[in-house]
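The following blocks contain the structures, represented as C-alpha cells.
The following pair of complexes shares a single chain, subunit A, combined with subunit B in the former and subunit C in the latter.
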Partner chain A sequence: MESEKRSIGREALAELISQWRSAGKRVLAPKRSGDKVDFAWVASLEEISLDHVQTVQSPKAALFPRVEELFSFRSADGRVEVRERDLGALPETVVFGLRPCDAAAFTALKAIFNWDSPDSLFSARLARTTLVAVACSSADEYCFCTSVGGGPGAIAGSDILLTDLGDGDFLAEIVSEKGRLMLQGAEALFRPGAGREKERCLARVEKAFDLEKVDPGLARRFDDDAFWAGQSLRCLGCGACAYVCPTCACFDIQDEGGITGKRLRCWDSCGFGLFTLHTSGHNPRPLQSQRWRQRLMHKFSYMPERQGVLGCVGCGRCSRACPVDMNILEHIRAIAEARP
Partner chain B sequence: MSALQEKARELLASAAVQVVIGYGRGSGGAARAVFIREATKAGDLVFDGTCLQNLAVYLMKPEVRKLGKAALVVRPATLRTILQLAAENQIAENSLLALVPSAEEIVLLATFAAIEAHVAALDSDLSTAEKAELQRFTALGLDERRRFWEEQFSRCLKCYACRAACPLCYCTRCTVECNQPQWIPVPAHDLGNLEWNVMRAMHLAGRCVNCGDCSRACPVGIPLYLLNQKLVSDVFTGFNSRSGISARSDNALSTFKPNDPEDFIR
Partner chain C sequence: MNARDVFKPFLMRIEQVTEEAPDVRTLRLVFQNEDEGRGFIFRTGQFGEYSVFGEGECTFCIASSPTRQGYIECTFRKAGRVTSALAALETNEIVGFRGPYGNVFPIDQWQGKNLLFIAGGIALPPMRSVIWNVLDLRDRYRDVTIVYGARTVADLVYKRELQEWAGRDDVKLVTTVDPGGETPDWQGEIGFVPAVLDKLAPASHDTVAVVCGPPVMIKFTFPVLARLGFAPGDIYTTLENRMKCGVGKCGRCNTGKYFVCKDGPVFTFAQLQEMPQEY
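Our next item is the complex of A and B:
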C-alpha cells in the first residue's frame, strides 16, 4: 500500500484539531485521568495523551456504542408505529490517536457488522468517521500486534497515520481517500514529508508465536476439556475482556418502555454464563472453560473462516483489564506451541 | 523451599487436601491465582505484597469445588469472607483449610472456631486512612456527592467484573438478570448504571468484608470501595454489627429484631 507522506509540527497539529472542531466534528481521543488513559471526547490537542502505551478501552464505541437506540415504537389504536433512526443526523467523528492495531480492528468490526446483511446504523456511523491513528513509540509485554499481522507503524485500516518523529514533527501518512479529503483546505499546515523515516521511532514488538499454528492447535485441542479448564480455572466469567476488546461485537437487544418505547442494542459477552442460556433452561456452554474456549475459537478460528479476517489485533487490552491476569498472549502461545 | 511451599507440598502429599488455592507469579511481576493439585508443583506458590486477590471467590465456583477439599492461602479479608460465607450457609465446616502465611511459620486454621479466634485478634475495622477518606467524602454536600457518583457511574460498562470478583456476589441468578419483572435496566446508560451499582452495594450492605476486590477488578477504575466502606461504617453505627467475624452471625439487614430502634421510620 502506497501512502502520501507529509510532515506536521505539533502546533500545526493542534490547529488542525481545532479546525476539525470548528467544522462541527467531534473528536474521540485518548485522555489521561488519574493512572488510566482512556478514549474521551476532547476539544483540543492539549487534552490528548500521546505518551501512553495503550488506552483501557478500545475506540469501538465510536461505531458501536455500549448502548444505542436502534428504533423507537409507539402503539395506538391497535397499530404499531416504528420510527427508524435518522441516520443523516449522526455526527461527523474523528477518532484520533488510536493505535495501528485499533485501526486494523475496525476492519474486523466492518466484516462482522456487514457479514450477511449490512448493518445500516453501523455503516452510517462508519461513513461519518475518520481514523487518524498515531503509531506506537512504546509497547509493553501485553502487546503482540506483529504476531497477528500488524505492526507498531502499520498503516492498514487507518485513514491517516501519524508518527511522532521525536523532533517536534509528526510524519503524516495519508492512507485513504477519506484521509485525503479530511485534509483538504489544511494543506498550509503541512510540509513535504518525503525522506522522513519513521522506522527508528517505532516500538519494537517481537513476534511471539506463529499464527499459522494457532488454528490447527485450537482444532486439535477442541475436545481436550482438561486443557481448557487448566487455562481458565481462575477466570471469573466477567465481561471486562470483551468490553475493552476492539473487535468483540456481540450485543444483546433490550426493549425499554411499554407500548411506547425504544429498542436498544447493548454490549454483551460470551464470557457470561447467561449468554447462551436457552429459554428451556438448557445451556450449551455451561462451564467457564467452554466459554473461554469459545472466546479464543471465535477470534482465531471462526472469524477467519467466516469473515476472512482475524478477530484479534494483539492490542493486549483484555490481558491488561483482566482482574485475574488471564493473559491471552500466554494462552495463544501455549496453543501454538502445543505438539500434535 | 519457603514455609508456605513446604506446607502446601505436605498437605497435597498426605492427601489432606486435593488442591491448594494460592498465589503464583503472573504477568508483569503481578501475582495471579494458582490451583496446585500435585505436591511437586508446590514450588509455584508465592506470597508477598503483590498478592491481593481475595481467593475465597473461588470457593463458590462449581469448577473449583469439584476439585475436592481445598487449602486456601488467605489474607485477613479472606478469613472474614470465609466466616461470612459460613454464616450464610454457603460453605460447610471441615470443607477447607486456611493457610495464613507469615514470615516465620504458616498458621493452619482447620475449623471455623479457629478462624474466628484468629480474626478476633485482628483489627476488622476500617483503617485510619480509609476512615479519613470516607469522612472527607461524606463531608461533601448531597449535590456534590450525587454529581460525583453520576460522573463515576457514567463510565460503568456493566462488564460485571465487580460482581464476578466479589466472593459474596455468589447468586447464580443476579437481580439485574431477572426480567419478569425487570428490576434493573440492563443497558449501561445512566439510569441502568446508577441502579445497578446502588443495588449491588445495598445487597452487600452488612455482608461486605471490605476486601476491595470490586474496585481492583473495575477496568475503568470506579472507586466502589467508597460505597462499601460507607455501608460497613453505617451498619456498625446503626446495628453494632460487623460482617465476617463469626460463622454464626445474622446479617444486620436481613434479620428482624423486635428491639431494633428503627429510628429511620419514626
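Our next item is the complex of A and C:
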C-alpha cells in the first residue's frame, strides 16, 4: 500500500483539529481521566492523550454505538407508524488518535456489517467518519498486533496515519482518498514528509505466535472438551472482553417504550449464557467452555472463512480488561503450539 | 430512495386468529400496504422476524405455503415476552414482519420421490408449509407419508388439517401421542415419535425424509432413519437457533462456520454431522 507522506508540527496539528471543529466535524479522541484513557468528544489537541499505550474501550462505538435506535414507532388506535432514522442527520466525525490495530479493526467491522445485506446505519456512519490514527511509540505485554498481521506503524485501515517523530513533528501518511479529501484546503499546515523515517519512533512488538498454526490448532482441539474446560476454568462469563473488543459486533435487538417507543440495537456477547438460550430452556452452548471456544473459533476460524478477515487485531484490550486475568495471547499461543 | 432498511418491518394486519392447542395460535397476516404485498415472494422453509411494537421481535418460520397467495401465517406457542404479547392480539391489529429470510426446502429436487414427513409438537408449523406446498403440486411427488406426534391429544396442532390429511387417499397420516397423553376416544398411536417410526418402518428407497421436532426427538429419530436405510443427505431438518437479526450480522445463530439464518434454517443430516453440536 502506497501512502503520500507529509509532515506537520504540533501547533499546526492543533490548528488542523480546530479547523475540523469549525467545519462542524465532531472529534472523538483518547482523553485521560484519572488513571485511565478513553475515547471522548474533544475540542482541541490539548485534551488529547498521545502518550498512553491503549484506551480501555475501543473506538468501535463511533460506527456501532453501544445502544442505538434502529427506528422509532407510535402504535395507537389500531394503527402503527414507523419512523426511520434520518441518516442524513448523522454528524461528520473524525476519530483521532486511534491505534493502527483499531483502524484495522474497522476493516473487520465493515466485513461483519456489510458482508451480505448492507447495514444502512453502520454504512451511513462509516461514510461520515474519517480515521486519523496515531502510530504506537510504546506497547505493553498484552500487545500482539504483529502476530495477527498488523504492526505499531501499520497503515491498513486508517485514512491518515500520524507518527510522532519525537522532534516536535508528526509524519502524516495519507492512506486513503477520504484522508486526502479531508486535508484539502489545509495544505499550508504541512511540510513535505519525504525522507522522514518513522521506524525508529515505533514501539517494538515481538511476534508471539505463528498465525498459520492457529486455525489448524483450533480444528485439532475442537472436540477436546478437557482442553477448553482448562482454558476457560477462570472465565466468569462477564462479557468484558467482548465489550472492549474493537471487532466484537454481536448484538441484541430490544424494544423500549410502549405506545411510543424505539427499537434498539445493543451490544451483546457470545460469552453470555443467555446469548443462545432458547425460550424452551434448551441451550446450544450451555457451558462457559463452549462459549469461550466459540469466541476464539469465531475470531480465528469462522470469520476468516466466511468474511475473509481475521476477527482479532492484537490490541490486547480483552486481556487488560479481564477481571480474572485471562490473557488471550497465552491461550492462542497454547493452541498454535499444540502438538498434532 | 435507497434500498429498504433491513431492520424496518413490513406492517401486517392480522386477518384471522386460530386457536390450535393450549397456548398455541396461528395468525394469518396480510400486508397493510398492498404494493408491498404484491412484491413479496417467499419459498417454503423460509422464516421471518415477527414483532409486537413495544415488546420486540420473535423468530418463526412462515407456516403457510407459498402456493397459498395473498397472506402468510405463523404458528407459535405463548412462552416468552413477545409471544405473550402476540397471543394477546386480535383480528385487525397490526404486527411487524421482516423477511423472508434463510434458505428453502429443495422441493424441486424432490420431484418424483416419496416424501416422509416426521414432526413433533410445535415443530409441525415449518413442515406444514412444505406439506401444503407439495400437496398443492401433488402430481410431482409419489407417496406422501406424515408421522406427527405430540405430548397429548390436546397438544396436536392443526387439528382440522390433520383431519383433512387423514381423509385424503393420497396422503398416509400417522398421529401419535406420548404414553399417558391419550384420551379415551383416541384412535391414533400411543408412543414416542421415534418408536412409532420404527414400527411403521417406511421404505427408504427413493425417499426423502424431513424431520422437525424438539432436539430430543431429532436425536432419537436420526438413528431410526439410518437403520431404515436413509442416507444422511436425504434427511432434512430445520434448525431453530435463537436469532435476532435474521440477516447474518448479530452472531447469535452462528454454529461452526454456518449462520443458521443465512445457510439454513434447512440443513441435511449430512451437514449436521459436519457441524459442531451447537444447535
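By definition in this document, the second predicted complex is superposed on the first by the 339 of 340 C-alpha atoms of A that agree within 3 Å, B and C clash if a C-alpha of one lies under 4 Å from a C-alpha of the other, contacts with A are read in each partner's own complex, and residues count from 1 in each chain.
Keep in mind that, in the parts below, a contact is a pair of C-beta atoms (placed from the backbone, for glycine too) under 8 Å apart; a residue touches a chain by one contact, two chains touch by 3 or more.
Since the model is a prediction, treat every value here as computed from it, not as a measurement.
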Considering only the touch criterion stated at the top, classify A:E330 as touching first (subunit B), second (subunit C), both, or neither.
first
Which of subunit B and subunit C A:S319 touches, first, second, both or neither:
first
Would you sort A:F113 into first (subunit B), second (subunit C), both or neither based on which partner it touches?
second
Quick one: is A:F227 in contact with subunit B, with subunit C, with both, or with neither? Answer first, second, both or neither.
neither
Kindly classify A:G239 by the partners it touches after superposition: subunit B alone (first), subunit C alone (second), both, or neither?
first
Which residues would you name on subunit A as touching subunit B in one complex and subunit C in the other?
252, 254
Help me check something: in the complex, which residues belonging to subunit A touch subunit C?
70-71, 73, 75, 78-80, 82, 84, 112-113, 115-121, 222, 249-255, 257-259, 261, 263, 265, 268, 270, 275-280, 282, 284-285, 290, 294, 297-298, 301-302, 305-306
Report the residues of subunit B in contact with subunit A in the complex, numbered from low to high.
26-28, 30, 32-35, 53, 57-58, 61, 63-64, 157-161, 163-165, 177, 185-189, 192, 213, 216-217, 219-221
If we count contacts the way the header does, which residues on subunit A are in touch with subunit B in the complex?
34-36, 38, 56-57, 66-67, 140-142, 229, 233-234, 236-240, 242-244, 252, 254, 256, 264, 266-267, 269, 272, 274, 287-289, 319, 321, 323-325, 327, 330
Subunit C residues touching subunit A - in the complex, by the definition given at the top:
2-3, 5-9, 11, 51, 53-57, 79-80, 83, 92-94, 96, 214-215, 240-242, 244-245, 247-252, 254-257, 259, 262, 276, 278-279
